[in-house]
Every structure is written in structure tokens, then in C-alpha cells.
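Next come two complexes, and both contain chain A; in the first it sits with chain B, in the second with chain C.
Then we have the complex of A and B:
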């Protein structure tokens, strides 16, 4: 982008921040009010958008902020989903428990595999995460006593709050919105913190950061575990919303779809990742089924069109460069 | 720079607007009561059916057969179930529950259908169980073979006109134990839920008939393209026969490699019917000759209903029907019978009516009846033969009626 500022964007950074805050509040209000006006299917589509937006945001923390393109991030999303689902069935579905278990298992899975990936970068990181994702997918497929194998983990009860199950799409949507907003705020805060600045430094020039005395592997490990935890959170929301976990939720396909969502949104921009995820979910789940079998084709065309027309992603439209 | 920036923004706005359209098009509220109450149609209303079958992905050819079976029944019966005009909403199931579950959600919540018909993927069918129970809608499964869909763990809202994985395998287990292969059969099936169900139910029926297992292998599902190590194990195991379960691309590869390896002559290949059913058979070619399988249907069945069905199907679509066509044809058939007595279109009334339809005596697969919400039906031993240049599953023997095992 050149220095030419589109006239609608306020000129000073302070004014821009204020503008952003109002937009964020407006979006939250619209999302919170949506179930009052939308039919159940539209509401549950919106909930799915939020689930995958949180997943995309956690992936963006790796891809956009730290510069680590991961092709296996669904492993942590799926681990969290299976853990939250299993806990809901066998222990309790009381509100914070499946969420905490999902986030904890996501972070734990990331912690136990991250020490391998934290030392690598670029294509090697891509290949390692791909391999780990495939391994976790294989475990989900064969550990039938826990995951239900190819038949999936089914019969997950609805999340309960103070003993009351979330009986309809509207209540579930509010629960998903609350948790997704918290997760987004967490990632946003981390990305804006000095820790986030260090991550961006690693993205831009890792040898230099190391020369400055930063233990870059440690930083990469920490952000990998954090991203895994947030992905696990998103996984627990998926179960709350879909009441089912299948091997497709751990697989390569969902990892790559979400990586594309991040790229479409503009890597490094957290709200851009949300937009990318929304595009994927709406095209795949709301439009796809009625397209006479051309759903995947349309998704592919949309990907190509967006990447061609918006090479810097949706975030590139506002001309922000970070 | 200003001009392109503006165009881009307009484009994004366009994308955004297009994306929100389907969401906004359905208005109403999702807070409050536990689901909308459908108006009972009374006599002479409309019944809305959601046909959820794969239109894309690896199961697309199954989905096409299923759609054809459904449409053929409706066309030959004036598009009506008794007094009701049938309105079909066809949506794409895709490959996995990730697409299948939202598709079912869509027809139930958005299109407000009375009945859902279809589903190839067992995980999708198992995954919509709660959704059906909560919305009190009936699902007629026309393929998915997981044991857990019906039988002990059943919900009253899921009925099936297809088969169970174990049912098909158990018939073969009993047959092989009785016909001189009791000294040893080698079992091989991919390592996933359906493969396990097939193997376990074959083993149960076969050992109950006095058979002994010579060996067993579970190749990784969906990623194995070279079966040589497994074929060597089979050769060394001293088995008298091999029983296998594969479908789709794996069925083609396995049958071809089994013949190339030279095992077909010494250790005959038996399998669950999907090994040689539908579009895989022509691709297996000569390698499939002599392979014997069990299934509840083959287009070679000699009965008046099947003769008429095959004739009408071939005239309409230019190719022979598969078992998937018949399963969906029968879904329309049983819904038609149920609506003759059903008092309303909700899941409970339809389930009660389906339970009372008795024997279905005009099905191309032969007479069958519901037993625990899934068919008790005749199993046929079939052998792949060359009929004037076309490979067919010829009927060798009628193995008699078989229920869902267990």
C-alpha cells in the first residue's frame, strides 16, 4: 500500500482506535441480538462461524503474528473437542468444566508436541505440524473406546449452566459468543503485549531477535502452547454447538481450510481471520448443501477469487500494515 | 490508487452481502420454545421430505443412485404418498459429518421438512440422533450401516431401509462355516468402525457354526494402496478362504491385487457385498470374476417386482440399478405404506405407523419386514460372472432371512 489514505479512514491513530472500538462493540451487540431475530438454522450457522472464528484466531497467532504456518492446528482443536465431549458424556456437562478440560487438553497436546516444532521454522514447521496432525487424526480413528473411531463421539449432552441444559440454538449461541469473545480478547491482548511484539520480531527476523538475547525457541514454544489451548477452547465450543465430534474435525482438511481462512482474512489481522472463517463456514454449511453438489467447487472459486482480488487479505483493504 | 481501492471495497461489500443473504433470509426467533410445531397436514396435505444424500465427494455416485431410486418411485406413483403430495428438498450430504450434520440441520430447521431420508455416512447418521429426538422428526436411513443406529441403542425416530454392517457379514459367516471352509478363513478389513463391525459379526457367526479363524489383518483405512504384505500373510497363513470388507477405491485395488498375486485360484475370495457392488465392479474387471459376496440385493434377482424395477430404472437412466437405488426406492415405499395409517406427520405418529406396516411384499429385493427398526431381509450369495461382456453379481443361493445380529 502507498501512503495515500482513503478519506473515510480517520487520519490519526487515536481516532482510528476509537473507531475500531465502536465497530467492535457494534459487532458484539449485533451478534448477541441475532438469536432474537434469526431462525434456529441461521443462529446455529452463526454459532459455527464463531467457533471457527476462534479457531482461526488461534491459528493466526501462529501464522500471522509469529510467522509459523501450521498445517496441523486441527490436532489441538480436535483434541479439545474430543476431551470436552468425553467429559460431557462421562463426567459432567456443567458449564465451565468441558470448556476448561477442552482448553487444558488442547494446551497439553500442544505442549507435548510443541518441543519438536518450536525449533523449526518455515517449510519445516509446516511439514512437522502436518505430520503431527496426521498422527493425532490416526489416533482419533483407531482409539475407538474413547473417540468412537470413524463413527465419531456421539450423544454428547447439551452444556448445562447451574444445572439447566442450554435447550435451544439461541442459548447455545450466547454461550458460544461469550466464550469466543473471551478467547478473542485473550489472543488480542497477547498480540498487543510486549510478548506479542517479541513474536512479531521473530516473524520478521529470527536471527536478529536471537542476537538481541531473546530465547526465540522458548517464545515459539510458549505461543504454540497458547494457540493450542485457544484451539482446544474452540474445540469445546464445537462440541457444545454440534454435540458430536468426528475424525473429520481433527483432519488435514479442516487444518488447511482454516489456514486458507487466515490467509483470506489477511495473516496477522485477528478480525481478518474471523472474516475468513465466516466466509468458509457460510459457503460450506449454509450455501453448500443446496448447490447440487457444487459446494466444494464454489468454495474453491471463492478462495481463488478472494486471494486474487485481495492479495493482502480482507485486512489489506483498510491499508493497515503491521 | 484510489480507483482500485474503491472497487475492492465494493467487491468486499458485495461478498459480504452475498454471504449474509442466506442467514438473513430466514427470519424468526431461535429463543423460546423447544422447536417449531409443524402443522399436521390432515388428509390430502403435503408432506415435505428432506433428501440428504452425497452430491459431492467420494460418495457422489452412491448419492446419484439413491436420488434416482427416490425419483423413480415417485414418478411411477404420481408423486404422492397416499393422500399426500410429496415435496422433496434435496441437499448435499458431502463426505463427512462436518458437512452432513449441517445439511440435516438445514432441512429440519430451515426448510421445516416432515421427514428426512438418506445419509450414507454412519457418523453423520449417529451424529444427528439428538437433533431428531429434540425436533421429533423421523429419519429413514437409506444406507449408513452402523449397528448403533438401530437395535439396542435405538431412538424411535431413526428407521432404516438398508442393512447393518454385521447383518451382511453374519450371513456369510454362517454360510462359510457350513460349506466346507470351517478349517480356516483369513479375515481382512480396514481399520475403522465399519470394518470392525463386519469382522466381529462374521467371527461370531462363523465360530458359532464351528469355524476356526486362520488369521486376521487390519490395514490402515483410506491410506493403503499396496496390499502385498497382507497378501503374503494370507498366503502363509494356510487359510482355505479369505473373507474381506472393502468398498470404493480400496475394493478396486484389493480385488485387483488379490488376483495379480495369484491367490484367487488357491484361496477363494469372499466378501461383504459392497466389495463388488455398483460402480466398482466394471473397474475391477476380470480380476473380480468368481469373487463371492453376500448382500440383500443384486439386479440379477429373479422376481416380478425386480424385473419391473430393473426395466423401469434402465429405461429412465440408461444403467442398471444398484443396491443403493433399491434402498432409497424402498424408503419411499415404506413411507407410502406408513402414511396410509399415520394420524399426523410428526416423528412419533410416523414411527408408530412404520411399526405397523408389516411385510413389504413388493420390494425388488424380495419380501422383507422391519425388525427393531431395520430390515429383516433375505441375504443372497452372489458370484461375479461375465454375462455377455458385462460383469454381474449372479445369484448363487438364497441364504434366507437375516435380522440385525446381537
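Then we have the complex of A and C:
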């Protein structure tokens, strides 16, 4: 017997696609127009939301689509951030070089560690990624000549486009929005492809997929590298936005907060992951000071409430998640 | 050349020899049944053939090719396809999506990381569902299918892999008499190119379908022959009824 619950009857795909497209366009327009109306601090908070939304989407490709819960995904986010920052300081800050370097190093870091995790699943995957995340965090802490050690990598110049630095929060926001939208589109495309169907098959029933002739380890490795690359992209956006990288950006706390974001949003739903990331960033960074440092407490309460009330996350409110 | 040859195949779990030095030859186009009382090692032998478990000793050959060292994935690509004893499907997919997974893997199309419109694929999925009597159920999510329908989907899924050797582990388990009749009809209607090896408890179904039978008992082959041989054999009757053991008890 398959251990699955009868699911909610889905709305017809055509209807969902129809209104989904308009919602997506409306959200993009609002995000693009935001700097014209918001104060610089609010704009840069919104940029941070986008950075972490892209990170959460890359993590959701592992957790929600493939069923691999990772507690070390910040390792690739951080690797990308350090690489993009270092390139901006020592080579060039001209777009898209830091972005490509960030994505490349994120993917490379995932490729060089993913072979350890590709054969595992479930709790073992969770523990292995946790260990790898801690290792990378340790490297960031001790490799001072490159990462700046505990001081972090500071004095990163602003991203330049055609020689012009993106001097204010508004221009930076548009750059972040453009790249995050591209990254989201990339993950969305992959999730809807035949490859994405195979990933869902692995999530549902990996032994059966092997019996059907899919080398599941290979698929898991490929998606791990891809998710690492997209996380590296998000890392390069983090540097573009906050102009420094610290060891906290590679650490366990970020990994676990983002896993939380994916669960709050509804694992498997990409836009749900974006909502979850937005909630985490807003509570932690924007409301944190006014809550007298009790941001994590609020997040904890939200998490418990979500698990009890919305077992399929925010996305569960709108019917079936894929 | 036989479709499947097992030579001296064995597998032990600790001190228990679940399968012990088994020889099995399945002729091309055969409807070969593997029977035996509970604990005879049928399911273990089945797993050794599919590659889910690796044999400790012996050789497994698929159409003359040694596959003993190959993984389940490689064996599947070489034309072995299986249904499992407990239906094992994909909880988030519809019946049609499930079959498409297997069709894509085995019709030579590439598993691309970008979306593809492929109406021909949808059509073939529809055909294979119709073939097992699930024609109108393509868009039904798997969890909403009945137990019998899931078993039918299992068969469609395994056949979508275009097998040359089709392995079924207790295909009729938990089926109603009507569903059983449909299963017999379906399996006997399979083309000659597909060799079938099945494990089954229901002896009526075995005698209705099989043209060759291998009886396992306590991990060893008790008898291999035609259904008539098996019916006539005292040894088989004793193994099933436990008469052999009772006799031992009295003679010692």
C-alpha cells in the first residue's frame, strides 16, 4: 500500500495557470515600483527579502521537490557570497562577473561535497548536510587571507553596470530583483520539466524509481549541484545588497531559518518558499529591533502554529501543491 | 537461449539461508510461476533476480548476458521490469503522470531539465492505461484509486518499461475474484515476446496461467516442471501440507 492520504481535489490546471500568470506579473510590477515609494531602509529590506527568497527557492528544490531536507544549504550561499565579494574587491565588480563567479563557486562547492550526500536520504541526508555546513563555516572562519576570518569580508564595492556603480538602494534593488527573477524562473522551469517529474518521483518513492531504471543518485547529485549554484547566485546578491560578508552568512542559523521558511511556505511550492523567506527576513531584520530582540521567539511561535494549523504551509491554503 | 537463467544462486541472512543453491531456467515466452509455502524464499529469489538484493553466490543471466554484478537500474534498462508485492506508487501523481515516468525512461526520449510538450507521450500513456482497464482514470490522483486499481496501475507502469522479462510478485494479493479474473485475462493476453515470471500463492491462478512451474521449499528448488507434474507430485503436496515433517517426527 502507498502511505498517502487522499488529496484535495485540484482546481483545473488551466484555471490555475490563468490567474497565476496575472498574479506573478502584478507582484513583479509592485516589486519593481517599490523603490519609487519606499524609504531607503524599507527598500533595502525588500531587497534582502528577494535575496533570501531566491535562497529559499533553491533550498525548496531540494526539500520540497526532491524530498531531501538540507541543514547545510547556507554553505553554498556563503561560498557564493564570499566568492562574489572577493572578486568584486580584487578583480572586478562589473556585472555580471560577481554574479557568475558566485553561482559558479556555489555549484562547484556543491559538486565537490554532493557526492557524499547523493546516496543518502532523510535524516542521514539532514545530518550529512549539517556536518558539511559546519565544515564550510569553519573554513570561512579560519581562512583569513581570503575571507577576512571573524571580521568578515568588508569594503566590497558596489556592483557596476557598464562602468556605473549602483550607488543607491533603488538601483541595487532593481539589480537584485532582476537576478532573483531570473533565478526563480530557472528553478521554476526545472521543476516543471521531465527532470523535475523524476525528482518528484524520487521524493515520493525512490526505490520504485530505481526499479523503473532511473539512477536516482545521479539525479540527486545533479539537483544538489543546481541548488548549490542558485544558492551561490543568491549569495552574490547578498554581497551586492549589504556590501560585506560575515561568517554568520555561512552558518547553521541561516540554514535552519531558511529550512523554516520553506516549511512555513509549504514545501514543494516555490512561491510559498518566497513567502516564508519574506516572513523570516521581516520578523528577524525589520521587526527584530522593535521586538526588543525577541524576533527568534516570534519565529518559533509562528513555526509551531504553522505546523499545527497549516501542515502543508501557506501554499496549502490554495489547494494541491506539486 | 533462455530468457532468464539462475545458476547456484544463494543468499543468506545471518545463519538463515533464505535462498540456497537455486537453479532456475525460464524459457523465452514462458508464463513461469514460482510457488511454495510461506518462507520458501520466493520473494528473496525474486529480489535476487531483479537486483534489489545481491546474491551471495551463483550467477544470474538475462537472455545469456551475465547481470549478477549489475544494479537494479541497469537490469531495468536491459529489459527487466517488475511489480511489487505491496503496491508501490507515487503519492503526488495522477495515474497518467505515473505511467509517463516509465514511458519517458524507456522510449529513448531525453529527461530534459526544461518543460516539453509531448502530446504523443500523453496518448501512449492513455493507451497503456486503457490496456489494463484504467482508460477513464488517467487524471485521477493515485491516492484516490482503489486497491485493485492500484494493482492495475502497477501492471501498466511495469509494462510501460517495455520489458522482455516481466516479473510479478504476488500480483493477485488482496484482489477481489472479479479483479483476479481481469488480471488473468490481461496477463494471458500479453504478447509472446514478453516472458513472464510470477510469484503467486493462489494455486487456481497459477494453474490457469502458467505453462511452467518451479516449486521452492525452505530455500531450495523442490521441483521444476509443467503444471501437470506439480499437481501429480507427492513431494509438493507434502511441502504444502507439512506431511513430510510429521512423518519425520514419527520415524525419529
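We adopt the following convention: the second predicted complex is superposed on the first by the 310 of 322 C-alpha atoms of A that agree within 3 Å, B and C clash if a C-alpha of one lies under 4 Å from a C-alpha of the other, contacts with A are read in each partner's own complex, and residues count from 1 in each chain.
Heads up, the rule we're going with is that contacts are C-beta pairs under 8 Å (C-beta built on N, C-alpha and C of every residue); 3 or more make two chains touch, one makes a residue touch a chain.
Note that the structure is a prediction, hence the values are computed from the model and not measured.
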- Message: Looking at A:197, would you say it contacts chain B, chain C, both, or neither? Reply first, second, both or neither.
- Response: second
- Go through the superposed model and pick first if A:151 touches only chain B, second if only chain C, both, or neither. first
- Message: Once chain A of both complexes is superposed, is A:212 in touch with chain B (first), chain C (second), both, or neither?
- Response: second
- Is the number of chain A residues in contact higher for chain B or for chain C? B
- Query: Can you pull the chain A residues that chain B and chain C both touch?
  - Reply: 2, 4, 6
- Item | Residue ranges of chain C in contact with chain A within the complex | 50, 52, 71-73, 76-77, 81-82, 84, 86-93, 97, 100-102, 104-106, 109-116, 141-144, 147, 150, 157, 161
- Query: Tell me, which parts of chain A touch chain B in their complex?
  - Reply: 2, 4, 6, 35-46, 48, 138, 141-142, 144, 148-152, 154-156, 167-171, 173, 242-244, 246-249, 254, 278-279, 282-297, 302, 306, 309-310, 314, 317, 319
- Note on the structure: chain B contacts chain A in the complex at 1-2, 5, 8-9, 11-12, 15, 19-20, 22-35, 52, 54-57, 60, 63, 90-99, 101-103, 105-106, 108-110, 122-123, 126-127, 129-131, 146, 148, 191-194, 196, 220-221
- Show which residues of chain A lie in contact with chain C when the two form their complex. 1-7, 10, 189-190, 192-198, 200-201, 203-205, 207-216, 226, 322
